[in-house]
Amino acid sequence: MPQPELLETFPNPYPDREYEIFMTTPEFTSLCPLGGIETDAAELALLKGGAPDFATINITYVPDRECIELKSLKLYLWSFRNDGIFYERVVNRILDDLSGKVKPRSLKVVGDFNVRGGLKSVITATYHKP
Amino acid sequence: MPQPELLETFPNPYPDREYEIFMTTPEFTSLCPLGGIETDAAELALLKGGAPDFATINITYVPDRECIELKSLKLYLWSFRNDGIFYERVVNRILDDLSGKVKPRSLKVVGDFNVRGGLKSVITATYHKP
Amino acid sequence: MPQPELLETFPNPYPDREYEIFMTTPEFTSLCPLGGIETDAAELALLKGGAPDFATINITYVPDRECIELKSLKLYLWSFRNDGIFYERVVNRILDDLSGKVKPRSLKVVGDFNVRGGLKSVITATYHKP
Amino acid sequence: MPQPELLETFPNPYPDREYEIFMTTPEFTSLCPLGGIETDAAELALLKGGAPDFATINITYVPDRECIELKSLKLYLWSFRNDGIFYERVVNRILDDLSGKVKPRSLKVVGDFNVRGGLKSVITATYHKP
Amino acid sequence: MPQPELLETFPNPYPDREYEIFMTTPEFTSLCPLGGIETDAAELALLKGGAPDFATINITYVPDRECIELKSLKLYLWSFRNDGIFYERVVNRILDDLSGKVKPRSLKVVGDFNVRGGLKSVITATYHKP
Amino acid sequence: MPQPELLETFPNPYPDREYEIFMTTPEFTSLCPLGGIETDAAELALLKGGAPDFATINITYVPDRECIELKSLKLYLWSFRNDGIFYERVVNRILDDLSGKVKPRSLKVVGDFNVRGGLKSVITATYHKP
Amino acid sequence: MPQPELLETFPNPYPDREYEIFMTTPEFTSLCPLGGIETDAAELALLKGGAPDFATINITYVPDRECIELKSLKLYLWSFRNDGIFYERVVNRILDDLSGKVKPRSLKVVGDFNVRGGLKSVITATYHKP
Amino acid sequence: MPQPELLETFPNPYPDREYEIFMTTPEFTSLCPLGGIETDAAELALLKGGAPDFATINITYVPDRECIELKSLKLYLWSFRNDGIFYERVVNRILDDLSGKVKPRSLKVVGDFNVRGGLKSVITATYHKP
Amino acid sequence: MPQPELLETFPNPYPDREYEIFMTTPEFTSLCPLGGIETDAAELALLKGGAPDFATINITYVPDRECIELKSLKLYLWSFRNDGIFYERVVNRILDDLSGKVKPRSLKVVGDFNVRGGLKSVITATYHKP
Amino acid sequence: MPQPELLETFPNPYPDREYEIFMTTPEFTSLCPLGGIETDAAELALLKGGAPDFATINITYVPDRECIELKSLKLYLWSFRNDGIFYERVVNRILDDLSGKVKPRSLKVVGDFNVRGGLKSVITATYHKP
């Protein structure tokens, strides 16, 4: 289960300037609750939890008072590893967890998932401070 | 014959947020009713239906109440396999079938067809909710 | 001499929708009337017509009532093969011939010519329905 | 079912010289008899024959008395389109059909199949005249 | 813990021909028992098992009487997911498990691991039938 | 410690024209004060100052009365080599030092830092003359 | 018709050293006598000679007493422009013409022809001084 | 010394249409008056004029009544070869010379200079008809 | 000064098998004692030690009884950071330090250094157990 | 005129080990005595010496007692700048000058010249210590 409590922040050293921070990792993995487009029930019984999904996660934000601490972000993304969760939820969940914790001026999360059944999926969600 | 009845949806888990889903497959194939730019009548007699066309299909949409179920999209795209259909119809037909079923906020379909007679064709059609 | 009479059209199957068709070929060749930047008079005497030019031609249009028939476009582009014609005329001539025949909503023609004298040239012309 | 009887040859114009001919197409498709690594039984019932496979086929040979006629090779490869056949059989079958018909000095067939279940497969078989 | 008992084979359809099968997946992941080059003890306590490693695994073999069943290979590679194991062991273990089960004429396993501490590692092990 | 006093300028030879200068180097290196995401305390004791960071620095500006002298920029960027400084400070510090010295019409600084803990960071800050 | 009489040579300035000269052009074009894999009879009537073929020609040789004069090679390759000739003959003909004129220690000619009917062809022929 | 008198023009064959011409060469070279970032005084004495600079020059313009004659542009760019001139002057000088001679509707010149001292420079200047 | 005492090893888990380990880092940096091809004496006075060099270091070895511990290799390569040392010595020194410590069956070290004065250098040294 | 007297060496720090040094520069330029394949007599009169040629020069050698000093190699290659010399002579001349000065165990020189008349040339010469 994703653990947003792992996320930490540090004070933005240039809070008066609007500047952008982009972070990306090709090492995101989670499980698909139903086994997904390529896995049948017999396989799922073996796996006890779902078929692995793999994605590159891109995060772009404009910090306000806080910045995301890089090491804590790594641990937070690792916490999806054995969690059964659909693509659409992965991206929107990361958006919600990061915007809730860091309260940025704006934030974009892109999940670029590996090919399944010959189809590749890329999901993009955006947050703007009200 | 394309089978739009194969398409299935599931409820959008974040219906209040405007976010984008992109899906792409390099494995689209259909037949050309007339044999196309590179095939003559004698060949068509052998083929019983038309010369194969190949394309990459890119689909981008902003979901409203429903999302496209990935596995059903795969099956729907397979249903063009032995259908005789021109490039322009392939792209506009997918646009119509998907927008009719999923009723998205917006939708773009791009068909990037392989070289025929030294010429490559890419066709792009777009739908916006009225 | 370019033969626009080779161009054929077929009725646009989706005339009420504004959608885009892109076609490209790396196999365009014509002759340069003066031998061009790299050829002297002695060579031209041998060639009886001019030094070969090579280009990739990109065509993008939004169809109105008619679409360009692909095979006829191939034959039309072949008709430049032994014609002496400058780069600027190639691109503008194709623009005129296609817009005159197909009467599209809009049309763009790009000629991307091979290096001559260490210099590469790319020429872009655009038409919009009045 | 693959139709080797579609293959035609023409006399090698330089039979005394040992030279090499390489041909490649990214447009090979067949069906998997069991639905393959990514398809379950319910899908197969819909498909009536198996899940589509896609591959690039590379053929390299040194002709002896005959060369492979290109158009007939295209038709022969199309004849796998609706045939249920495993990867290993595809490559070895093409090797057998071509070597039986053309009797080359040597022949290599490579089948580079698209990703299934996150796994890509490339199969290579070789023939040398005894 | 890797589960070699998941591996299945099927009879090689062309046992008399020496031909090569290559399979590759970018979706291998396991854990590092010590947290690895980039993780400290506090992180490991959170992770309960080790820091994630990611790799592309390439497998090349010449089958003898049996071929590796693709779906079972996928499941076998998934079984490393939550196992703590060093790079050198991953590659040599896969070599031992596959050669023990499939008894190929020859086999090569390459593990191409993601950057850790600015350093990338690629490990290659080979088996030849005695 | 960064030495902005190393920066030199020369008079803009075309001060009346608004034109753009872009400079980039893949050879930026500094230290991370805390060892960063991948280094523990024992390593830091050995290093006496912090773990090395590496980045590509891109600088784009529109000069006003002065241009940045290239050799002095090289020396200025070298002065970060043994300085402990966080990513966010590197980029904003270069922005402040350059804008303070050269007083450009506008300036953008991008720091594209190497992967740490599987995560890549790119930071972008912009200055416009008031 | 190819005009080998256009080829000229100049004395090898280092005749005692065995060194290699490689030349390549992406600008080779000829005609296919039968229209080729993609053209029917009606088109051929329009074309008066055959459908255009396009290729990259690579030439590698070790000179003996003479070197190929580059400008004359260009003119010689241009002389295929309106000649109806099959792929296999193009490559072997260039090999014969060049080896006959330049008498090199060795010579390799590769013709890499554009896709026709979804199939790409590359033909390689080699000459060694007896 | 740059020789703008080498530039020649020819009448724009389509003066009533606004279309774009792009030309690029990777073969620009000049000298740096001071030896530049990488050369000391002793070297300059040997060179009698300055250290070589290398650049790709990109020129984009919308012609009005005249077009740039390609061969004359080649000779004009060659005239910088042994001239000592700074980057900023190269780009702005070409902009002035071309706009003065050809009087285009608009013109952009980009000089993309090779790495010196680990730093790459790209300079962009633009002209619009008043 | 390079610190080979930082290098650590662990027992090869498969000492009876001859297999290969490749490691690479793009993050090597050292200093050039004389300032190198691009730096004059005035700059060196500022730098107190030499101009920075940057390289990618590739290491390939076949382990015997010991393997190189990855974290210790990282620290060892960092120890060149403020050391004045020529390219040839960097590569041969790493070869000597690693072969002395790990006593592999064989070892290859490649140093791929960044462009200086328009020239790139790559140095390769190899060790084989006597 | 090439100035081999500019070349300097320094003692090989590891004379007992056979290791390889590779150096490459994309910044070689010379003149063609006859104007070359793309330049006529009128242009040559303007140029006073010949049309510019451009090449990438690759040098690979195994040092014996001496190594090539990098800065002196840069100056030596610059000395071809205004020299009229054919491709074949450029490469063989560099081979002779370097082998004469440095007396390496072996040496290879590759000159990869830019496209002229649509043709690219690459010339390779090799020296081995007798």
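For reference, chains read A, B, C, D, E, F, G, H, I and J in written order, and residue numbers begin at 1 within each chain.
Keep this in mind: a residue touches a chain if its C-beta (ideal position, glycine included) is under 8 Å from a C-beta of that chain, and two chains touch if they have at least 3 such contacts.
Since we're looking at a predicted model, the values are computed, not measured.
Visitor: With contacts defined as at the top, give the pair, G-J or B-D, that has more of them.
Guide: G-J
Visitor: Counting contact pairs by residue number and requiring over half to coincide, which of B-D, I-J or B-G is equivalent to A-F?
Guide: Overlap exceeds half of the contact pairs only for I-J.
Visitor: Can you work out the whole-Å distance between the CA centroids of chain E and chain F?
Guide: 42
Visitor: Measuring centre to centre with CA averages, how many angstrom lie between chain B and chain E?
Guide: For chain B versus chain E, the centre distance works out to 37 Å.
Visitor: CA centre of chain E versus CA centre of chain G: separation in Å?
Guide: 47
Visitor: Determine the centre-to-centre distance between chain F and chain H, using the mean Cα coordinates as centres, and give it in whole Å.
Guide: 29
Visitor: Which chain G residues sit where two or more other chains touch them?
Guide: 26-27, 37, 54, 71, 114, 116-118
Visitor: Sort out for me which residues of chain A touch chain B in the complex.
Guide: 37, 86, 88-89, 91-92, 116-126
Visitor: How about chain E: which of its residues touch chain D in the complex?
Guide: Touch list, chain E to chain D: 12-14, 17-27, 67, 70-71, 73-74.
Visitor: Inside the complex, what are the residues of chain H that reach chain I?
Guide: Chain H residues touching chain I: 37-38, 40, 54, 114-118.
Visitor: Touching residues of chain I toward chain F in the complex: what are they?
Guide: Residues 6, 26-27, 29, 43, 46-47, 51-52, 54, 71, 75, 78, 81-82, 114.
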